[in-house]
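Chain IDs A, B, C, D, E and F follow the sequence of writing; residue 1 opens each chain.
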Amino acid sequence: MLHTVNKSPFERNSLDACLGLAKAGSAILLIEDGVVGAIKGTTIESKLTETMQSSKIYVLGPDLAARGLSEDKLVDGIQVVDYGGFVDLAAENTAVQSWL
Amino acid sequence: MKFGILINEGPYQHQASDSAYLFAKAAIDKGHEVFRVFFYHDGVQNATCLSSPPQDDRNITALWSELAKEHNVDLVVCVAAALRRGILDENEAKRNGKDAHNLADGFRISGLGQLIEAGIQSDRLMVFGD
Amino acid sequence: MSEGTIKKFMYVNRKPPYGTVYALESLEVVLIGAAFDQDVSLAFIGDGVYQITKGQSTSDIGMKNFSPTYNALGDYDITKLYVEQESLTERGLSVDDLMDIVYEDEDDDWAEKPSIRVVSRAELADVIAGQDILLNF
Amino acid sequence: MKFGILINEGPYQHQASDSAYLFAKAAIDKGHEVFRVFFYHDGVQNATCLSSPPQDDRNITALWSELAKEHNVDLVVCVAAALRRGILDENEAKRNGKDAHNLADGFRISGLGQLIEAGIQSDRLMVFGD
Amino acid sequence: MLHTVNKSPFERNSLDACLGLAKAGSAILLIEDGVVGAIKGTTIESKLTETMQSSKIYVLGPDLAARGLSEDKLVDGIQVVDYGGFVDLAAENTAVQSWL
Amino acid sequence: MSEGTIKKFMYVNRKPPYGTVYALESLEVVLIGAAFDQDVSLAFIGDGVYQITKGQSTSDIGMKNFSPTYNALGDYDITKLYVEQESLTERGLSVDDLMDIVYEDEDDDWAEKPSIRVVSRAELADVIAGQDILLNF
């Protein structure tokens, strides 16, 4: 299943809710304000690293760039996709859950 | 693959509608079909033809209207949410005793059943909101 | 659309009622959607659990109390309301704080049965993983 | 005491406008003055005269219009935010080439300076939003 | 200063932001979805109890009732006000900060 | 309105840019408000710090990049931009990730000085406590 998270993990609990309910083998895509969680050295980095042992984490590049966060700052293992990649993720997974 | 899209927020205030639009365009560019976009909650505000953004800003409503025209996308606005928030076509304006209507080209007002139907008929239903 | 297709629809509720309109408008979709003969369930996660608390009284905020409508869901054959136990616990709530939402089971001589199923986070993760369409507001 | 009020969200989607209205009423009941309510961001949606909520729901726009009339409250809608979101009076409709307008009774469209002025002139500025 | 918090402390960080920046002697009023933080037995109860050693916490009764939370469940020391009380708090304090 | 009244206005920014419109529309108020000769400051708290990061590029999301406008604030005599140190640290950011927003100090021979003042949470609490009008979007 593809899970999308569109809110900052520092302000809202939607990433936590997602991580608590996404099964191993999920794809998790950070979009919109959710992208701010993807960079190194934050209070949530270890949570992401742990999640990537069983699931994949992606971040939407255009939203990352808009917020001035460069790709070399990403937590190791997080993959950058563009809107085409977002579409592919939606197509490859059998269902999509948006953690609004 | 057939995509349905649900948008819960109005334009400008939240990125939801921008994200949905860019997703829809990317899907079409990849040869997928975007069968229907359903506008619910404040999402109905995407359908106002009175929106007059600054010259240097995007006109989200116009972008949706164009996309619908070029790629035959069904833009459906929830009637209950629209009435509550003052988005009316000519018919609804008459029925509610209002002397103006503001539904943009390419959008149509209909019921929530159209959202469920979008869920049934599409391969994937994408939700964009707050 | 193949006529006989039955999909698993889940309505995911994560917001308190009244502070935003999502809970009310979500319920409107659920009721309309009931006519489509799909496999429908609702999940109440996080602050979504406040949507179905007992004793809601809105007379002093000028809004309509729509919580009694949840009691009607059984009449529309919507009988699976999953509530995450951890969400209740974190919020100092127990199932006794929730409405007694029930349905009549036609396969069991119309016996009255609870619609609310309190499940653990792990159990709910399994239920979510089995859905076709997830509607989030 | 003189209160100014800022509302950042539209009606129905968020409780902000309801809370602001009940606050304003309570302030007036206690003998205070509510000098101005400024509608910004999606708050401008409070000013649409096309809103047609169900019979058993409150009509927030009508409540504001009444309050303004009874207690001489200045209801100001930010022009930039309003244009972006399709809230127009007759003048702005003309200026932007639109053939309909939808500003409700008792509201007026003006600039952001009115918000700053409200901050300067009131004893307390109350902010309601998301 | 009067601080208002209108979001659930379980979903957003606005109460935390408020508590981190409100000085001792502040008045903190929970309104709208913020009222859900005011009841006993939650994960944030101890934070409120600690805050009340130096500041006062209030909750808007009408919003509490709407969410089915009765006053006998409140954390000890939190005071219930109606909209009139909200107005009084705004008038008594010299400025108001809304943690939106 | 007494002509000479000068109030302390603070714009409190707590949301990232682009995901919502608040940052952009907040900046519009700040610019208009500059004409009123009040004592104006801005606070960037929590996710608000992302509003002033360097290198924002919005070409792929179809929105206008409004971050260069912060550089114009000095010309409007808006020279106090408080940034909470703890907010930066929690987010893996430092002041080097922020734009170099400066102003020319007319009282010091138009020397160029930084407008951004990184302060601790405790210091910011003091600044907030001294305000008359707090505008939150």
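Here, contacts are C-beta pairs under 8 Å (C-beta built on N, C-alpha and C of every residue); 3 or more make two chains touch, one makes a residue touch a chain.
Since we're looking at a predicted model, the values are computed, not measured.
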Given subunit A and subunit C, the chains that contact each of them: B, E
Dominant chain pairing [most C-beta pairs in contact]: B-D
Chain separated most widely from subunit E, comparing mean CA positions: B
Interface composition of copies subunit B and subunit D: same or different, split at half: same
Reference subunit C; chain at largest CA-centroid distance: F
Rounded Å distance between subunit A and subunit D, as computed from the means of their C-alpha atoms: 38
Length of the line joining the C-alpha centres of subunit A and subunit B, rounded to whole Å: 26
Separation of subunit B from subunit D, taking each centre as the mean of its C-alpha atoms, in whole Å: 26
Residues of subunit A touching at least two other chains: 6, 10-11, 13-14, 32-33, 62, 82-83, 95-96, 98, 100
Contacts with 2+ other chains: residues of subunit F: 14, 18-21, 46, 61, 63, 133-134, 136-137
Residue numbers of subunit B (touch at least two other chains): 8, 12-13, 15, 22, 41, 57, 80, 125, 127, 129
Full enumeration of touching chain pairs: A-B, A-C, A-E, A-F, B-C, B-D, B-F, C-D, C-E, D-E, D-F, E-F
Touch list for subunit D against partner subunit E, complex: 1, 3, 8, 15-16, 19, 22-23, 25-27, 29-30, 32, 123-130
Residue ranges of subunit C touching subunit A (in the complex, touch as defined): 12, 14, 45-46, 86, 121, 124-126, 128-129, 131-134, 136-137
Complex interface listing, subunit E residues touching subunit F: 1, 13-14, 17, 20-23, 94-100
Complex interface listing, subunit F residues touching subunit B: 18-21, 61-64
Residues of subunit D that touch subunit C when the two form their complex: 12-15, 18, 21-22, 56-58
